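Each chain gets a letter, A, B, C, D, E and F, in the order it is written, and its residues are counted from 1.
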Amino acid sequence: MMTKMLEFISQGGYAGYVWSAYGMTMTLLFIETVGLRRGNRAILARLQRLLRLCNAGDKQ
Amino acid sequence: MFKVFWSVLHRDLLLAVRRRTDVLTTLVFFVIVVSLFPLGVGTERAVLRVLGPGVAWVAALLSSMLALERLFAADYEDGTLEQLLLTDQPLVLLTLAKIAAHWLLTGLPLVLIAPLVGMQYHLTDSAITVMMMSLLLGTPVLSLIGAIGAALTLGLRGGGILLALLILPLYIPVLVYGAGAVTVGAVALGEARLYLTLLAAFLVAALALAPFACAAALRISIE
Amino acid sequence: MFKVFWSVLHRDLLLAVRRRTDVLTTLVFFVIVVSLFPLGVGTERAVLRVLGPGVAWVAALLSSMLALERLFAADYEDGTLEQLLLTDQPLVLLTLAKIAAHWLLTGLPLVLIAPLVGMQYHLTDSAITVMMMSLLLGTPVLSLIGAIGAALTLGLRGGGILLALLILPLYIPVLVYGAGAVTVGAVALGEARLYLTLLAAFLVAALALAPFACAAALRISIE
Amino acid sequence: MTKPWSRFAAPASFYPLTGRLIPVFWVLAAAFILIALYWGFFETPDQLGGSNAQKGYYRIIFIHVGAAWMSMWLYAMLVAWAAVGLVFKTRLSFMMANAIAPTGAIFTFLALWTGAIWGRPSWGTYWDWDPRLTSELILFFLYIGYIALHSAIDDNRRADRAASLLAIVGLVMVPVIFWSINCPDPNQCAALHQRSGLRKVDGNILFAMLTMTLGFWMYSFATTLMRVRSMILTREAETAWVQDLVRAPERG
Amino acid sequence: MLQVAKLECRRGDRLLFCGLDFQIEAGTLLHVRGRNGSGKTTLLRILCGLFTQDDGEVRWKGESIRTLAEDFRRDLLYLGHLNGIKDDLTGVENLRLATTLDGDRVGRDALWAALRRIGLAGFEDLPTRMLSQGQKKRVALTRLILSRAPLWVLDEPFTALDLDAVNLLQELIATHVAAGGLAVLTTHQTVPLTSGQARHLDLGA
Amino acid sequence: MLQVAKLECRRGDRLLFCGLDFQIEAGTLLHVRGRNGSGKTTLLRILCGLFTQDDGEVRWKGESIRTLAEDFRRDLLYLGHLNGIKDDLTGVENLRLATTLDGDRVGRDALWAALRRIGLAGFEDLPTRMLSQGQKKRVALTRLILSRAPLWVLDEPFTALDLDAVNLLQELIATHVAAGGLAVLTTHQTVPLTSGQARHLDLGA
């Protein structure tokens, strides 16, 4: 099991190449996804805050 | 119609005469960039001969691009561009007049100074001839394409370098065939015919399309 | 005293954050210029290896210079420079802060991207290391010297290209030793030590003198 | 521009629609990519023999080819949306164009990155001025140019139109650029397809590659739509339907 | 003549005006008033077609200015915050260019006379770079003397002018309007002209 | 306090003024008047040390401003034609920087309060790029609220301002002068302030 894992990780001696390619790909895609989710939430939150401020202003 | 073309062209040339340095500086920039390379690369003749065409053309690209930055910017800042847009004349014509003036002031001088570059890089006579011809055909294309970029980046902070980013990739075909022509032309003039024909074709296409794109870009940018 | 230095530095960095593209464009300009040459010159490895150091340094010169154009220009146009001159703070300090911000935004990124250029031109690892070190020492000198030129050409039409004319010749020593270091460094790291020491000496001298010259130039230009 | 459907109705109905579509795309993207990864790593031979002999590092192919394809397809889509926007003056199409750009740039970068890494063991160098590589680099510059221009302009309307015009100019120039790089010597343009993309490859390899590409497609749909949603929210913040929408979670 | 229908405009995320309707006929002076930031400049630029509204339409002689395009621009003279003159050209050269582009043929003497009338005697052939703020503004305003366009759109034309110049400018506008022209202007200064027979349009900030 | 002796200045080949002598004490408002091009801006820039006269001297508290240099500049606040604010920074950020450079420490709340006082409530943290002409001018003028410099030099501060802002500005200047400050200003507009207790200096064109 362990050896199989290691064998897989070593990729026939080309681990550096294969994993840096896959690593960069997955990292970038991941970062983009997370960034988008964050951005979306931030915008919604800001709009909500604005709306609350607006409502507060009306009540005064 | 042509009255307007001439009066805009005349105005820009007159302005250049008032500030003579503008014309000179493009030229000198070209010469300086060309002269910098041997300092960075070393001065072996064989190397220089290979480098010559490429360096000359890259320098032409850069100096044309640098000068382009001011093509519409000055008019934009003092409000004359706004006024040009409000005249009842076709904007394409006005744009073309400005591009023409720009080429006369910055492209043509490069063609005339090309032999100097040829000498600096020990190019053969036929290579020098081809270089002049390729610059004559290629630099107007640079002005025409570049004008679109200049119109798009009008009034933006950091415009100069943004402009470079936008249009240098678009200049590549001219660079490849311009420098290619000179390299091939080093052997014999005739070899370069195909390259020069291609450059001429670029020129015709750019003349037909670029002014319209540029006028549209100006309308977008002035808002 | 340092409060003022920081607040000007902070302001300029903040402005850069507001327009993130400014930083990016300098960098991309550098990469584009570097990538143009093989298209013009041809793609033989042996030729590229000889060209590499020179091209990288010339591109660094050009992009540093292009970015310099806006160093004081924006402040001049909106009147904030006038106000800086009217504060009771030593102008040299303010100038130095502006130059420091400029280098952080345009010089440092070049150092970091240098390995990419090395790859494009098939340079050896030791050449790449030397290139990064030489850029680290050399680009601040470019910013410092260039700032004088930027101050002198402030508000002049066609300033960009005039600036090029004034300062590119002054950049030559940096270019020669910078590119020289890389060429020599291709063989072994140690060979380049002398060149790098010289660059360091330039840096010290420029740090000691340039801010004063620059402050004086600003006072002249603002009239 | 004055037609109501193009101004409000479209974003207003588009927003909830995408809200339902996006999860589907995410699930599909994850599924395809996972299948492709599994297939690529476990169902394919450990090395390629024969004419194009390659050791384990050939596995980069599964992302490399997909990313390279996506970079080009996305550029085409970007230009298409930009053109639609300029012609019909619909705001949504500008947003679509603008939303595609970052994803496209990422895939372009990935094609370059994975290609460079593959090049090291395969060709002994990270980079060479091969036409295909150079074209990809130029494509990257074009993406960056589009993004830089758009973000350098504050006024959204001007930014949309200026960047779209740039994309259209790109559409005209891109073939010329690529052709000039591919064929620097007009006397010998025959060498255009020196490396045909897919020669005889193992069916399993092909399957993994295509599945990965499909996954990338789904991923691109998802990210693009998400980005458009953010843009709609910021740009239409004042409209009644956005305000209702913002209020909704407050009540709930 | 000039008709504005259901005009709506927002900048940034602020609504400047919406449902703006008005119409002005020949021989009218319209004074657009409003606090700083109420959208006067924006409105004037929309009237000229330099800025695109979010909704509504501007019509000239019954047709949209977008479709009229050059025919509308022939009838228009706009002077904004920027003077629209080239610093390196002299007053005379600037004016000659402006009139040529407007499609008028104005003789040399007429140009000089116009500049003298606006109070720039002795400065006619200096590069305008060497003029003071108010003098530069005067060069730009000289176009009003020479123009035959029926519609004038003037954004704060009185700034930087001294008393003489303000009076002359008022006279010019009054004559233009009396002769059946239209003028739309903004100004924060109180000048007799605008408190007189002018129509007012108030933009709420 | 501020003393001008035998000042002479020529620009281009025109003599603007020569042998100009005057002196103003604490608590004075000096209104520099003159036609367009008479040299008001030039004089004000000389007073600040931004432009060099051809002859004569400007003295502050008895010493030449050239020798005082930074000590003079500490006492000075100049607002010219240009607003001197960064387009990309918000009003608050602009002010914070300006006050830091003036050597003052002003708290966040004071900055916001000052901006609100000048009528920019709601615009405090917008990039000033997005403001109208008059609003930009207001941001620049906010420095007057925060400044502690005794000498104010203001070149046409009333342009582009609406009525409210003009009144506020007059009040600010009046308070400053009443508290023993000095103010030198130019304006072509007639405002009560300048027709009141002000001293006048007429430059002949």
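Basically, contacts are C-beta pairs under 8 Å (C-beta built on N, C-alpha and C of every residue); 3 or more make two chains touch, one makes a residue touch a chain.
These figures come from a predicted structure and were not determined experimentally.
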| item | value |
| --- | --- |
| Contact-graph separation of chain B and chain F, given in steps at minimum | 2 |
| Path length in the contact graph (chain A to chain E, fewest steps) | 2 |
| Residue-number overlap at the chain B/chain C interface, same or different (half cut) | same |
| Where chain B and chain D are represented by their mean Cα positions, the distance between them in whole Å | 32 |
| Whole-Å separation of chain centres (CA-atom averages), chain D against chain E | 48 |
| Separation of chain A from chain C, taking each centre as the mean of its C-alpha atoms, in whole Å | 35 |
| CA centroid of chain B to CA centroid of chain C, Å | 25 |
| For chain D, residues that touch 2 or more chains besides their own | 141, 144, 148, 152, 157, 181, 184, 237 |
| Of all residues in chain F, the ones touching two or more other chains | 81, 88, 127, 130 |
| Contacts with 2+ other chains: residues of chain B | 19, 74, 157-158, 162, 165, 168-169, 172, 176, 223 |
| Of all residues in chain D, those that touch chain E in their complex | 1-2, 157, 237-238 |
| Residues of chain D touching chain A in the complex | 41, 46-47, 55-57, 59-60, 63-64, 67, 102-103, 106, 109-110, 113-114, 117-118, 120-121, 219, 223, 226-227, 229-230, 233-234, 237, 242-243, 246-247, 249-250 |
| Chain B residues within the chain D interface of the complex | 145, 148, 152-153, 156-158, 162, 165-166, 168-170, 172-173, 176-177, 180, 184, 194-195, 198, 202, 209, 213, 216-217, 220-221, 223 |
| In the complex, chain C residues that touch chain F | 3-4, 7-8, 11, 14-15, 18-19, 74-75, 77-80, 82-90, 222-223 |
| Chain D contact footprint on chain C (complex, rising order) | 19-21, 24-25, 28, 32, 35, 38-39, 43, 48, 119-120, 122 |
